[in-house]
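Each chain carries a letter (A, B, C, D, E, F, G and H) given by its place in the written order, and its residues are counted from 1.
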Amino acid sequence: MNDKVLVSVVMPNEKDLEVMNESLVTLRSLGISCEVTVISAHRAPHQMIEYIKNAKERGIEVIIATAKGAAHLPGMIAAFTTLPVIAVPLKSPLLDGLDSILSMLQMPDGVPVATVSVNGARNAAILAAQILGLHHDNISVELERLKMRLSSEVEEQAANIKSKSFTQ
Amino acid sequence: MNDKVLVSVVMPNEKDLEVMNESLVTLRSLGISCEVTVISAHRAPHQMIEYIKNAKERGIEVIIATAKGAAHLPGMIAAFTTLPVIAVPLKSPLLDGLDSILSMLQMPDGVPVATVSVNGARNAAILAAQILGLHHDNISVELERLKMRLSSEVEEQAANIKSKSFTQ
Amino acid sequence: MNDKVLVSVVMPNEKDLEVMNESLVTLRSLGISCEVTVISAHRAPHQMIEYIKNAKERGIEVIIATAKGAAHLPGMIAAFTTLPVIAVPLKSPLLDGLDSILSMLQMPDGVPVATVSVNGARNAAILAAQILGLHHDNISVELERLKMRLSSEVEEQAANIKSKSFTQ
Amino acid sequence: MNDKVLVSVVMPNEKDLEVMNESLVTLRSLGISCEVTVISAHRAPHQMIEYIKNAKERGIEVIIATAKGAAHLPGMIAAFTTLPVIAVPLKSPLLDGLDSILSMLQMPDGVPVATVSVNGARNAAILAAQILGLHHDNISVELERLKMRLSSEVEEQAANIKSKSFTQ
Amino acid sequence: MNDKVLVSVVMPNEKDLEVMNESLVTLRSLGISCEVTVISAHRAPHQMIEYIKNAKERGIEVIIATAKGAAHLPGMIAAFTTLPVIAVPLKSPLLDGLDSILSMLQMPDGVPVATVSVNGARNAAILAAQILGLHHDNISVELERLKMRLSSEVEEQAANIKSKSFTQ
Amino acid sequence: MNDKVLVSVVMPNEKDLEVMNESLVTLRSLGISCEVTVISAHRAPHQMIEYIKNAKERGIEVIIATAKGAAHLPGMIAAFTTLPVIAVPLKSPLLDGLDSILSMLQMPDGVPVATVSVNGARNAAILAAQILGLHHDNISVELERLKMRLSSEVEEQAANIKSKSFTQ
Amino acid sequence: MNDKVLVSVVMPNEKDLEVMNESLVTLRSLGISCEVTVISAHRAPHQMIEYIKNAKERGIEVIIATAKGAAHLPGMIAAFTTLPVIAVPLKSPLLDGLDSILSMLQMPDGVPVATVSVNGARNAAILAAQILGLHHDNISVELERLKMRLSSEVEEQAANIKSKSFTQ
Amino acid sequence: MNDKVLVSVVMPNEKDLEVMNESLVTLRSLGISCEVTVISAHRAPHQMIEYIKNAKERGIEVIIATAKGAAHLPGMIAAFTTLPVIAVPLKSPLLDGLDSILSMLQMPDGVPVATVSVNGARNAAILAAQILGLHHDNISVELERLKMRLSSEVEEQAANIKSKSFTQ
């Protein structure tokens, strides 16, 4: 485990932790220290700006931001930093989160965010690890291990399903 | 015409004036002075914040903001002011602007914007006039005249179409 | 609290009060008196017309109207008045209310309504307050307080989430 | 040709005649007299109400109404009459007219309209003829002839395409 | 009550009666006799064709047909008759029935169906009554009564909601 | 029952068997032997490639593949074989599986898959049987029987619904 | 080239040949004889039924059917045959053919069609070849050649693009 | 300019360079060397696998991949590497590229890609730069300069628009 906090996971509402906790768990499983907080582009914009600047100074390298609906948070973070920002669109009450998706995906030229799947908290963490793995060798090693675990899980399931369907 | 500038019309790109010019024309036709500028939540966020604060101090009462795609501008303006913000979703290359619509419409609790139709620059101006008409009597008078003009236009078209279809 | 009733909250079905009650609660919390009733553009159009005219004469300044599906109520109210009309699209059984959204949003040139988010009863009330706050100073003060409360809530949640994730 | 005018074709804008002219042509080809006019639920609602009442008194039996976007016209006509109303959603700049479709289709319980396809001016006329054909025998005869013509056209095309593809 | 059966209500699956029963109830409340059966364009096409021809011979004047998904039934009925066909798109597991809507709405030139709202069984019955009311005077009278009942219900709800919100 | 295994049913997750079991049941009811396994284009791509090649060598004639979301499995199988691949889009948390549908349906020129309905496990099996029936006569016979059963079921339901609605 | 006609390509309008000609060209390039005609489920249903029965008797093994909008043709063909039916949704004026897609894709249990991409005339032909290749060895050989050609084309393009971008 | 090639830009069709050229231009403007090639997951999968492995060995750090429709390329690259993969959904003939978006965005747990906007070739390059900037200081400096240029452009446009609207 790196002692230095490399990833910041932010959300506009503490309830979003239900989904985003998977980012924290996955980051830790890959040996990456992270911090988590609540910031809001709409309800507390000055604090948001303050937070982003400090984060970079404190050594944060990747920011994972989530939101739903108008979902401005990841895009506004990207407006105030040159760090890579990973955006997790949350499932919302409108069209399963299509509003969240489009508000994140369609960022204007010059200010990208890296959007992952709806509620994709785990994939956001793995993407952060892939970015960090380019210059943190221990993280790169963890990613290779993860890839092997994924492959093994598929093989186990293949074994399971054959026995299941024999007995059906 | 009020001499005092009451409405600010803002857009993230000078090309958006092609659509938004209709707001300027309509506001003037209703006797309302306005100012127009380019501000961007993503590419020049500090100037945006500065502009919003000054606007209110200079007596602006309603802000009409447009954007397309991720379309954060109206929502971010609303984050920094308690003035009413009217949002005009621009037609975009994705689903005719459904991205612009949803990014504006689905603002979180506490920070509303008033969304009008896609490319609805004229309706944004009329909505601004309806808001101002509550305490500016001359604007209220203009709105009543507009309503009569709309009704007359329908009657003229009804007359036209009958003569057209007789001769077809 | 203003004694004068400034806002009218209307809906086509008494069941809609489940959602729209949040408008009433929010308006009162901002010191704004309101009235509430059931009117229908489709099932009782003559009463609707009567109501709209009387509302203006009785001093109503802003109308909040909701509907779902074909959702004509806000638009038809706007056809009969020059007061600002705020439209709340209700979540419907089709595409989470996309029908309600589009029927409100896409009003034709000349007759705008101010659309907020799906089931956005609270934001409709705050938007009404922003409109009224331009010439009712006490409401303007309440809005500034609301903005501070929103910001404080975010800070509280930020504190909460840090303690939560330490102990996870 | 019936001399009595049985069908009214109405639209909110004289430009809509470009699409709706196909209704007039088809009705006449089926021996049905019709009238055409411009009425608007939003811009001239009082004239609309007047027109609907007179139409029924003058012997109109079916109303074909078109609109685009918020597209309230057919639904508002249905609010003021018990005659069958056929609704033609016009192709609009948003999602090819999905706004027009949903605003017509999703009428509330108690006040139906009969929606046909986007820009379906010809089918609206044929549906009107099917309704009238139940008690106007000459129209019923024309409909049987139309059905045979449709079938013959398919056979002609089948002959054409075979010769075409032989020579390709 | 007319003794003669004037309306046929058909569906591809007996389970659809859960939704379509509202058509039967409404037709009876308007004094219209109807028959109900299961027919399928895909699974029993020959019986479907037989049924449609017999229906017309037996004096059926309007056919209400429902379906979901590919939802070909109303369109295929219209292919085999010149009677007006009312199509009720059923809510389906895909996009709340958008598949059912589009498969019915977008019928090709020459073969219309009259589409009502998703699960709009009651409105289908009222539309049938409006069609029949043109030449069955007793049905026309029932429709006027229905319109008054709808209007009274709105007034009752308006009374209810005022007392409710006083006591909240 | 053919002893030779002719159809392979594959899925990226053993949980998908809940839906896909219907394929197994239907294939067996049509006298077709099949095998089932878990393979993944994303998590175990090398095993997937191995499996596809072996499948063809072992005499598999049709592959039924399912997936959800990005849903690459059927398309990637088609990249590695010239056997017909039937794709079953699974209902997903986003827009009821519209993501699964489009990822399968919109395969590029040169590499088709045969897409059936969302969760259409039964229809995938019947389509496989239709393909196999062209050169396996016993399967062709079973398909004719199935078609008769479908038709009988409709007739039974027609009988049921009449008795039901008499007694309502 | 097989002399026997194995594939039937059908469309409801001779204009559809513009898109579907690609099916004919591709089938011929794979050594498969086909016939082409115009049939319509809605405008000439009796001829359609006649055609389908004769097709099977004449030795047709696969039917490629196209349509747009309500797009019933492939599904209705499947209702009358146990041959595999490949459905090509045509791009339509509504949502780029989403209506065509859903009307084909969402066929009810028991009556599948094999849907390919919008305007996917070429892929429909290749899918037909994959089905026929199972028992026509010459077609199977052609498919292997096609797969190699596809791969070579990619390699050529890779060579091209490098030279292009060196000189930019 | 780094001499070492750090970014690979890949596409399934040489025509896609029209859109993706903007990635090359932007990367070079930020001092980043890149290579470009054509690879295809569907038509040349073995070459694709070969390319990905070699790319990593040759020192590539970030892969930008584009595709349209089923759009499997970025996801399949991610299946074979732990490098960060940036996915650019291309505008397609279906719903402006919604198919491309969903096929990229909705990658399954364990195998993320970083999706940017439709045709977002420039933003893909900037995101690549943000990732590389974490450990390549010269790139980090270029990004700060870019952010200042973006802000200056907004100010210039603001100056332009004022002079334009004065003279209108």
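Following the convention adopted for this analysis, a contact is a pair of C-beta atoms (placed from the backbone, for glycine too) under 8 Å apart; a residue touches a chain by one contact, two chains touch by 3 or more.
Just so it is clear, the structure is predicted and the values come from calculations on it, not from any experiment.
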Chains contacting each of chain F and chain G, listed by label: E, H
C-D against G-H, pair bridged by the larger set of C-beta contacts: C-D
Rotation angle superposing chain D onto its copy chain G by C-alpha atoms, nearest 5 degrees: 90
Chain centre separation (chain A, chain B; CA means) in Å: 36
CA centroid of chain D to CA centroid of chain H, Å: 49
Chain C: positions in contact with at least two other chains: 12, 40, 43, 69, 94-95, 98, 105-107, 110-111, 117-118, 150
Chain pairs that touch, as defined at the top of this document: A-B, A-C, A-F, A-H, B-C, B-D, B-H, C-D, C-E, D-E, D-G, E-F, E-G, F-G, F-H, G-H
Complex contacts: residues of chain A adjacent to chain B: 12, 40-43, 45, 49, 69-72, 75-76, 78-80, 92, 94, 98-99, 102-108, 110-111
Of chain E, residues touching chain C in the complex: 91, 95-98, 117-119, 150-151, 153-155, 157-158, 160-162, 164-165, 168
Touching residues (chain side chain F, partner chain A) in the complex: 11-14, 17, 21, 24, 36-40, 43-44, 46-47, 69-70, 93-95
Sites on chain H touched by chain A in the complex: 61, 82-84, 86, 101, 105-107, 109-118, 120, 122-124, 126-127, 130-135, 140, 143-144, 146-147, 150
